[in-house]
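Two complexes are shown next, each including chain A; its partner changes from chain B in the first to chain C in the second.
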Partner chain A sequence: MKGRLLRWPYAAVALLAILALGWAAATAPVHLPAPEVDFAYAGPLELPPFGADHRGRPLLDYARQGAWVVALPAMVAGLLVMFMAVGGGLLACLGGGWARSAVQIASEVVGSLPRMVVILVVALLVPRDDRSLLPMAIAWALLAAPGAMDEAASVAERLGGTRFVEALRAHGFSASRIFGWHVVALNLRPVVVRQGAEVMMQVVFLEIALSYLSVVEDQPSFTHPDSMMSWADLLYQGYRSIVLDVPTTHVLALGLALISLVAVVSLSIGAAARAR
Partner chain B sequence: MSEPLVVVEGLSIQAPTRLLIRDVGLIVRPRRITALVGPSGAGKSLTARASMGVLDVIPGLVAGSLRYPALGPQDWFQGVVGGGERAQRRLLEATRSLRGAYVSYSPQAASSALNPGRTIGWQLAIAIGRRVEAPASVGAEVRSLLAEVGLPARAAAALPAELSGGMAQRAALAIAIAPKPRLVIADEPETGLDPVLRRSVIELMIQVCQVHQAGLLLISHHQSTVDRIADDVVVLPAPPAGEVAA
Partner chain C sequence: MVRVLAALALPVLVPTIITLLIWSLPGDPASLICPAESCGSTEVLSARWNLDQGPQGFLSAWLGDAVQGDLGRSWRLQQGVQVNELIGDALPNTLILLALALIPLTIGTLRAALGPLPRGFGPVIQVLGLVPALVLALVAAAVVELRWGSASFGDAASWARLIAGALVLGLADGALSGAVGGTRALFEAEARQRYVGIALLRGEGVLGNTLPNVAPALAGQVRGRVLHLLSGAVIVEAILRIDGVGDLLWGGTLLQDFGVVLASATIFALISSALLLLQAMAEVLIALVVRRSPDLGEGAGA
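Our next item is the complex of A and B:
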């Protein structure tokens, strides 16, 4: 009961943050508005809610465009990992010894791959006109999936694997109730949801990292069209407040706040799923 | 004498390469204890599962009959013998309403009977929900069942991992009897317990079955336990050298 009560604050935080990010992505403008020099470097109090950049463009639009860039790919990657982790757990419960070995081997092989190099190869394979984070997010999810499947299978084995299923069957539960409710919803849920949430967060950070490199090198980003801004643009502009003493500290604060928000969402989802 | 609870005759189960069980028969009557004994690999658990309509070996059932005379004259294996996986699945579905209500099963390790992600009280409530007649208060019934197996009421809020081996075994027994079954199948309930605890768990199981007027099919490795408590004994022969059944 205590655990169930603990779940609600985490779930509420995660839900609110997801709704905020979802709203931001859904309402993102296709292009940033024209510069307004009068608002250049405007702080949050001069141009609510977040102020403006060095050319007077609202930072709210940066935040919304950045959310649009990451929202769908991160969600797809998270769901893909969750789906595959559930598969790994169910295989362990069905007693597929060969399947378990295959997952372990895949996990070791994939684990030894240099993940960022694979992502960069995928990025280079995507046609320039179709730049999107989605192919890289899927590749990242596929690289993370064997580990998630292995962990879910370990949980299922600790549960008793086939013996647990046998016991539930002997209690008269149907197959859908056994696998859908007792195995997945009650026992695999914490690890599966945590893995999915972590991958969602990793995909967002991947996008920021790749876009930051592009911004620094003044090159088009692999992850989004030139008309869109990434949260990496906020970080780069904010970084200039440190090294060039330009008054853009509020831009850096917004960039860091958005990164923190993503981390909070991921941790809250994991904690909400873990609470019993 | 009252109608037997379960009658298995001529049970033979085939694995892809060998015969796992050959011509096994057993009868369990109300308020009586039937022990199923035999060496490891003789097919005790397989026989027990088959007597609940659970056949999970392919090609599986090649001969035999399964009746629950207390419920009617139907032979549940009719149409399943030699029918392979599909027929066995049909049987599994047809007998599903009996499992957990008419017959309940306490598996070898208590940890397998208990869901690690849910409290004992929650699991008991689910098992109580399988009764034909719902009790007035599920909470009171949970406390009553826990008391019956010698567990404190606070165990209802505990997760299985928070219980000792003996307590977990008692909780598994409470879950097995919660639906008020007429037949309890206990698959080596003393596994992993020390001799003192083993005796107390067996005594408790007998006492609980007597109180509920249920029949008990006890699978055991321990000849001393069987000699002491069993009314009837079914001995399964050892499998041929090099073969191990489920």
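Our next item is the complex of A and C:
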């Protein structure tokens, strides 16, 4: 009971943040509004809630477009990893020793190259006219999945694996209750949800990194069309406030706040799903 | 066995995939080097760059040259320049960056293996580990640029970039916290085994008993950490403008320079293969050492 009460605040924080990001993504404009020079470099008090960029365009639209760029791919990647981790855990409960070996071999092979190298090779595949983060997010999830499956399988084995399932069968429980409730919901949940949340966060950070590197080189990003802005654009404009003394500190603050929000969401989801 | 096979396959597999990728893109591969609207017919270009015999011909020619130390020429990034020159300039920087980044990780691993960590150290490195490499790299880049100027690439500034980059790699994305936490978890789990309790009753130390058994897993963790650093090096080198293989790979990807991408990705594959082989060798050596132990003395069999 105490554990459940302790998890509520985390769940509330995660839910609120996800709703906020989801709203931002759903309401993102297709194009930024026309520049309004009068609002150039406006702070949050002059143009609420976040201020404006160097051309007077509201930073709220940057935040919303950035959320749109990452929302779907991050969710798909997180769900894919969760799905595969559940599969790994269930296989361990079904006594699939060969499957465990196969996962470990896949983990060795897939994990033998630096992830960013694989991601950049995948980026080369993205058609220039139809740029999206999704292929890279899926690739990232596939690279992370063997590790998640291995961890879920370890949890299932610590639980007793096939003996645990047989014991519950002897009690007369149905297969759906054993696997769906006792194995997945009660025991694999913490690991599976944490892995999914971590991968979602990593995909968001990956997008920001790839877009930032493209912006610095004045090249189109692999992850989104030119009409959309990434949160990396906020960091790029904000960074100039430090090295070039441009009045864009509020832009940097917003970029960092959004990154922190994503990290908080990931941690909160993991904490909320933690085992009693 | 799997590791050795993977190590042998990687340096061939990576160029093969990239070559197939070149031909999977729409249009003539030679048009990536020079678009048809600028160069007209691409037949001469295709013949000159070994692109006229299809993916198989291109790959076998490239691999044949690569074995002899010729990694080809840049397609777009620095068109016509030998990639060997670019890699020759970049590889030492990447290796230095990696070596420097391994210092905090090694210290953290040793500290975690040898005993409890100072109070408060764990939470601090965990919070630092949550910060993405991009953000820490930006902080490092700002520090270097404010101190030396953005255009400064003298000896002092270059070393500052390398050291700052190594610190970023060593701390960001959970590198240090992962190394410390992973090592601690390994040793703590092993120390709970019954044989360790018996060894303690015999007056032996914990580390001497646990180390041979955790060493293979530790070797795997170390390889994972180095791969993590290599992955992060792409971002850190590009942000801090360190002339490394990661920066080269990024530049090649951005401009679809398959000459550079092929060579730099293959260099990463070779490093990954070397790591796999080192891990396999470490495991074999540990197995040999463990088989020779324990030295039970003369009266052991009585």
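To be clear about the criterion, the second predicted complex is superposed on the first by the 275 of 276 C-alpha atoms of A that agree within 3 Å, B and C clash if a C-alpha of one lies under 4 Å from a C-alpha of the other, contacts with A are read in each partner's own complex, and residues count from 1 in each chain.
By our rule, a residue touches a chain if its C-beta (ideal position, glycine included) is under 8 Å from a C-beta of that chain, and two chains touch if they have at least 3 such contacts.
Keep in mind the model is a prediction, meaning the values are calculated, not measured.
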{"item": "Partner chain in contact with A:180 - chain B first, chain C second, else both or neither", "value": "neither"}
{"item": "Touched partner set for A:35, first chain B, second chain C, both or neither", "value": "neither"}
{"item": "Partner chain(s) touched by A:166 [first = chain B, second = chain C, both, neither]", "value": "first"}
{"item": "Residue contacts with chain A in the superposition, chain B compared against chain C", "value": "C"}
{"item": "Chain B versus chain C as contact partner of A:115, first or second or both or neither", "value": "second"}
{"item": "Touched partner set for A:43, first chain B, second chain C, both or neither", "value": "neither"}
{"item": "Which superposed partner A:213 touches (first chain B, second chain C, both, neither)", "value": "second"}
{"item": "Touching partner for A:205 - first (chain B), second (chain C), both, neither", "value": "second"}
{"item": "Contact residues common to both interfaces of chain A (with chain B and with chain C)", "value": "none"}
{"item": "Complex contact set, residues of chain C against chain A", "value": "2-3, 6-7, 10, 14, 17-18, 21, 24-26, 130, 132-135, 138, 141-142, 145-146, 150, 173, 224, 227-228, 230-235, 238-239, 246, 249-251, 253-256, 258, 261, 265, 268-269, 272-273, 275-276"}
{"item": "Complex contacts: residues of chain A adjacent to chain B", "value": "1, 158-160, 163-164, 166-167, 169-174, 182, 186-187, 189, 276"}
{"item": "Partner chain A, residues of chain B touching it in the complex", "value": "49, 52, 54, 56, 92-93, 96-101, 104-105, 107-109, 111-113, 115-119, 127, 130, 157, 159, 175, 185"}
{"item": "Contact footprint of chain C on chain A as seen in their complex", "value": "105, 108-109, 111-117, 120-121, 123-125, 127, 205, 208-209, 212-214, 216-217, 219, 232, 235, 239, 242-243, 256, 259, 263, 267"}
